[in-house]
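The two complexes that follow have chain A in common; it is paired with chain B in the first and with chain C in the second.
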Partner chain A sequence: MTVSTRPEPITGAAAPTGVTPGFRKNRKSNREGFKVNWWLTALMLVASLTVLLPLYFTVAMALKSPDQIGTGTGLAWPNPMNWENFAAAYVATNFPRAFMSTAFVTVLSVLGSLACSSLVAYAIARNWNHTFFRGSFVYLLSAMFIPFPVIILPLIKQTALLGLDNPAGVVFLHVLGGISFNTLLYIAFVRSIPVELEESARMDGATTWQVFRRIIFPLLAPMNATVGIFAFLGSWNDFLLPQMMIADPALQTLPVVQMLFQGEFNTNYSLAFASYLMAMAPTLVVYILAQRWVLSGVMRGAVK
Partner chain B sequence: MNAAVPASLLSRRSLLRAAGLAGAAAMIPLTGCASPSGPQNGVTTLRFMQNKPEVVAYFNQVIKDFEALNPDIHVVQDFNEGNFVPGLVRNDPPDVVTRGFAQATADFVRKGIFADLSDLPVAAGIDPKMQELISSWGQYNGNEVSALPFSLAAAGVIYNRDIFEAQGVAVPTTWSGFVAACETFKAAGIAPIYGTYKDTWTLAQGMFDYVSGGSLDVADFFTRINARGARISKDAAESFSNNFGPALPKMLQLASYAQNGAASKNYADGNAAFAKGQAAMYLQGPWALSQLVSANKNIRLGSFPLPVTDNAEETKARVNVDMALSITRNTPNMAAAQRFVNYLLEPSVVNTFNEKNAAFSPLKDAPAVSNPQISGLGDSVKEGRYYQGAATYFPPSVPLNNYIQSFVYGKNGEQFLSALDDEWRRVAERTAV
Partner chain C sequence: MTTTSRVAQTARPAEGKTPASASTGTGAFRSKSKIDPTYYWMVAPVLALFAFFITLPALVGVFFSLTNYAGYGDWKFIGLMNYVNIFKDPAVLQSYIFTFVFALTTTVVVNVVALAIALGLNAKIKWRTGIRTVFFIPMVLSALIVSFVFNYLFSNTLPVLAERFGMTPLATSILANENLAWIAIVVVTVWQAAPGATIIYLAGLQSVPSEVYEAADLDGAGSFRQFLSLTLPLILGYLVINVILGFKGFLGTYEIIVGLTGGGPGMATQSVAMRIFSGFTGGDYSYQMANAVIYFLITLLISVIQLRLIQRRGVSL
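After this line comes the complex of A and B, so read on.
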């Protein structure tokens, strides 16, 4: 998904400059010398198919009846459309409950990741000359080299002892598991923020917390968006951790509940895709809302 | 650029605020619906983990009926089988479990995970030959009954009745009759068998299991080879080379009757194509039936056990215990769990379930199956002429399915069997106690 959006900064960058009157002249002259790179455009159109085609299949599949699935190339749009697939999937998965459980896990994972990782990164980046902080950075990074499945059973044992064999435990592990990668992202960004900004805040009497809260955290916005999107996608789509950790089936998350449509040898494709589509909707919405910040983050990095 | 910053800050804040509200809203119902286990107000909560997501709705009805009869028990169904091992790790496994019974479940049995069910009244009603399918994998303490069969899936050749009738072909009962039928279809321009070799498991459960199961005593073979341990080699009397050899040419003959391009088709392709009548026969088990019917409501299907010899009396079906009922040994709700298992094995429940799901009931006095899709396998099952597929006896660390696929493509039987001998010995050496 992220790959396919790369082409967008080009068009996205052109739009806001048009809004600012001061740039109008500049833009006009741009347009005169502007040539359409048809090869690149064609390449991008083809590349965009890698996202659009699966999306089309998902929508088409969700609207098919079982006997429409096996016929033709699969590209044909179903006629008549079976809207009742959505209702059936909604009932079968007990969608509202699974949705709330997933939302609980995701929202708290995102907020937790933003708060914890940015604090850790700030502490490490601003104390880089202390061996302890530098060592702790290496220590956190080393966690990235441990494959998750290796430690899952001990983790299950531990979380059960702590009474965390529920969505709260999943949130806890998502935040914890994300710290190493997110800190890596944040630290690089915090370093690019001039220390002078903080010093001037100190002059005005700000405490360390106030400096972080009022100066650093807002300046981290592009990176917050990046980390937030990673955390959102990671926890919204996570299958393994909830599947193994959440003991009570009533609190299970959407990706696990959707296994309902997949037996060992038989898959109910139409209901499955209807259900996937309903589960994807929030991801798409968040993605469309948040991609602006990711892109602005990309550009800021480029200027510096 | 500068002008954009305040705007994005504003919407970021409002987004965060919205996210915070959503989080708070999510927490309220969650704290409300957490269901504690153990007796509460005199009602015992049982957790029932079953292994077939496609029958969740059916079991919901069964549970409803059971709870109406037993108001002091509340049953929670869970189809997330991946949570079974974590449950054991947490020391909080589900109380009643159904599992497909083979290698992996037998491992749990040997470790004493499940309680002894031999004293349950319903245990006496189970067909001893079907119970033997379970105990042949090993019993805890040498005599315990750790699982009771609930549903037996019998697999053979699924055939398209319309194509058989149109070509005037009767269901073959001998190998030569089967070959003659294939030739008839071939001559008529119909693919005799639909092959889906891209999914290697279909080769393993299909031609490999059918041909080996029909031509040798699979259970006996694996008892002997297991007893031999790591001292297995090509030349040993217990080796694959010395036992499976005669079966291989028949596998290749089956492969020669598959449609063109079988190598690039997978199981889903096969279901779609067979449902459209693109072949006369399909080496698949009853699990494919519902997929075929959902793709083509009007298809008329039947099944017969693949005859591998010319003695019709020797024809056997491939079976597997699709669902076996167990109670975990340390459950705090033993009495309630036993009542639930007893209820599930009442004829009205277990027979109805199997009738509806194209499977065979494990009860001694179960009525003959009336489902025309599987009735052709009824005699074999009733008379106990069945075997568990040879592929199911292999430890998962042997990539058997890939070996079968390369044998079907390369047709080198000697290499195939000696590779199996080597693999078997390597695993035996590693796991030797």
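After this line comes the complex of A and C, so read on.
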């Protein structure tokens, strides 16, 4: 797929009615007359401080000693910087354990979401005129209308009974909770793949599984990216399900550990902020490095 | 790119075709309509898990809402007593009022902010990619951790600054103020939710053909006028989606409140979701399940309105 610098113009996304392109003039004229609006640029730069300032503040706080925090605003840059806060927070929160737990939940949720939703979407899209598959689609979509607070209490009891009150149980719920939306995304995409592609492979004796693995799944790549990004962010940052489901605090994920940590050391802010920063860093780094890719993926999901 | 609406459209003719082809059935036709069992294996495990982990708890919840189950020990049927009591409970009523006022306010602010950012990013600005990167950062961060950071800003930084500039009303933490704490929650929710809405608006703005603006330029319409009479009507479908998705999401708000106020001061900022979750430890399990069922019915009503509006506008989601 193409990764463009600017968000790709999305056509036909919603086709707002009433736009008759009667006035068809030279499309380039707009581009030729491209004049940078400096006032607006300045305004946008100032506005972006609303995002940057809290982040700067988090970094500044994470590098301060308790004395430097004192009673000030917390906005001043610390001098000297206290890098040892990170080491202390690393030990105090048992960061590697929480990180591994979060990574376990996230990796399995992403893989599970990709595999389950794409399989289901393929089977449904290719057998749309059969009641069973169309019924399954409607049934899975019903989850979009059930808010989580409604099922959470019985769900926790149920998972506890089954011994799934651990990260593995959270994985199940992350995959199943996202399945309606993900299947919806995939089905539209599977429909755009011509059936003829599969038929020629079947002529050569490929089974349905092989067709899916060798032909369909690779073609779904752009949608895999979108579903993968949503699953990654949703799983890594989720607080509600791990907090409610995971019984053993030692197996808790990063956001919940911040919560527990907050209660234990609520006066040691430098340690707390160092810990926040370490918990935020993975998604932040991935986002900054793969920024175009992430945004185009999310954009593809947004217009569905 | 439409999903549901196209799905529905293609469904109709296919529906009509199946019985016809089966009755006239030549051998070739019949073998084509016979389904490879593999397809069933692709769907069945997921369906089973889905029924077990999503549908079953929902039904169990409805069942227990008709009992006096405390979360442990014995229970018996008490009919609709829980529901009757909920309507008489001022604490529950207060959580609904708070949640609705919060969700409405946040929806309005998020959409105004997101539309403004989207218009800015879509305009002829310098360093567009970089600025865009910055604006979408909140999307990838944990809402809870963001709330912890803002918690410090609201309870320490802001009062110190206010005192320095002589704004005494803000010299105490607004999180400790029963009447102002909810504003802090709105601010953080907007910070966190605006990028998602901005993306949808950007998609909308890019679907507007540039010819439309050229025509308006020739007619001498100013940029504000262009926004009101051209842009806004053309992206109305996206606005509807954002408003409804946002409103539904904000009704279930939880993490940000946990990180900022924990529902306090007192119970001033306790959302419906927080109340329902309290049934887990509070000994009023069945009562909160009844509350959850009512909450479900309300969100269902909003979903129905959503589908109506979207169908009418021909916008699909």
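Some observations on this one:
Simple rule for what comes next: the second predicted complex is superposed on the first by the 208 of 304 C-alpha atoms of A that agree within 3 Å, B and C clash if a C-alpha of one lies under 4 Å from a C-alpha of the other, contacts with A are read in each partner's own complex, and residues count from 1 in each chain.
We adopt the following convention: a residue touches a chain if its C-beta (ideal position, glycine included) is under 8 Å from a C-beta of that chain, and two chains touch if they have at least 3 such contacts.
Treat the numbers as computed from the prediction; the structure is a model and nothing was measured.
By the touch criterion stated above, A:187 is placed in contact with chain C alone, chain B being left untouched.
Which of chain B and chain C touches more residues of chain A: that partner is C. Shared-chain residue A:98: touches no atom of chain B or chain C.
Legend: residue contacts after superposition of the two complexes on their common chain; A:123 is shown touching chain C, with no touch to chain B. Residue contacts after overlaying the shared chain place A:259 against chain B and chain C alike. When the two complexes are overlaid on their common chain A, residue A:250 makes contact with chain B while staying clear of chain C.
In the superposition on chain A, A:147 makes contact with chain C only, not with chain B.
By the document's definition of touching, of the two partners only chain B reaches A:165; chain C does not. Within the superposed three-chain model, A:156 lies in touch with chain B and with chain C [touch as defined at top].
Touched by chain B in one complex and by chain C in the other are residues 16, 71, 153, 156, 244, 259, 262, 292 of chain A. By the touch criterion given at the top, residues 1-4, 6-7, 10-11, 14-15, 17-18, 35-36, 38-40, 42-43, 46-47, 49-50, 53-58, 60-61, 64, 117, 120-121, 123-129, 131-146, 148-150, 152-153, 156-157, 160-161, 191, 196, 199-200, 202-204, 206-215, 233-238, 248, 251-252, 254-255, 258-259, 272-273, 276-277, 279-280, 285, 288-289, 292-293, 295-296, 299-300, 303, 313-317 of chain C touch chain A in their complex.
Across the complex, chain A meets chain C through its residues 5-19, 21, 23-25, 27, 29-30, 34-38, 40-41, 43-45, 47-48, 50-52, 54-55, 57-58, 61, 71-75, 116, 119-120, 122-124, 126-130, 132-134, 136-137, 139-140, 142-156, 158, 172-173, 176-177, 179, 184-185, 187-188, 191, 207-209, 212, 233, 236-237, 239-240, 244, 254-255, 258-259, 262, 269, 272-273, 276, 279-280, 283-284, 286-288, 291-292, 294-295, 298-299, 302-304. If you check the complex, the residues on chain A that touch chain B are 16, 20, 66-67, 69-71, 92, 97, 100-101, 103-104, 107-108, 110-111, 153, 156-157, 160, 165-167, 218, 221, 224-225, 243-252, 256, 259-268, 289-290, 292-293, 296. For chain B in complex with chain A, the residues that touch the partner chain are 3-4, 8-9, 12, 15, 19-20, 22-23, 26-27, 29-30, 33-35, 52-54, 56-57, 76-80, 82-83, 85-87, 89-92, 100, 267-268, 271-272, 275-276, 285, 287-288, 290-291, 294-297.
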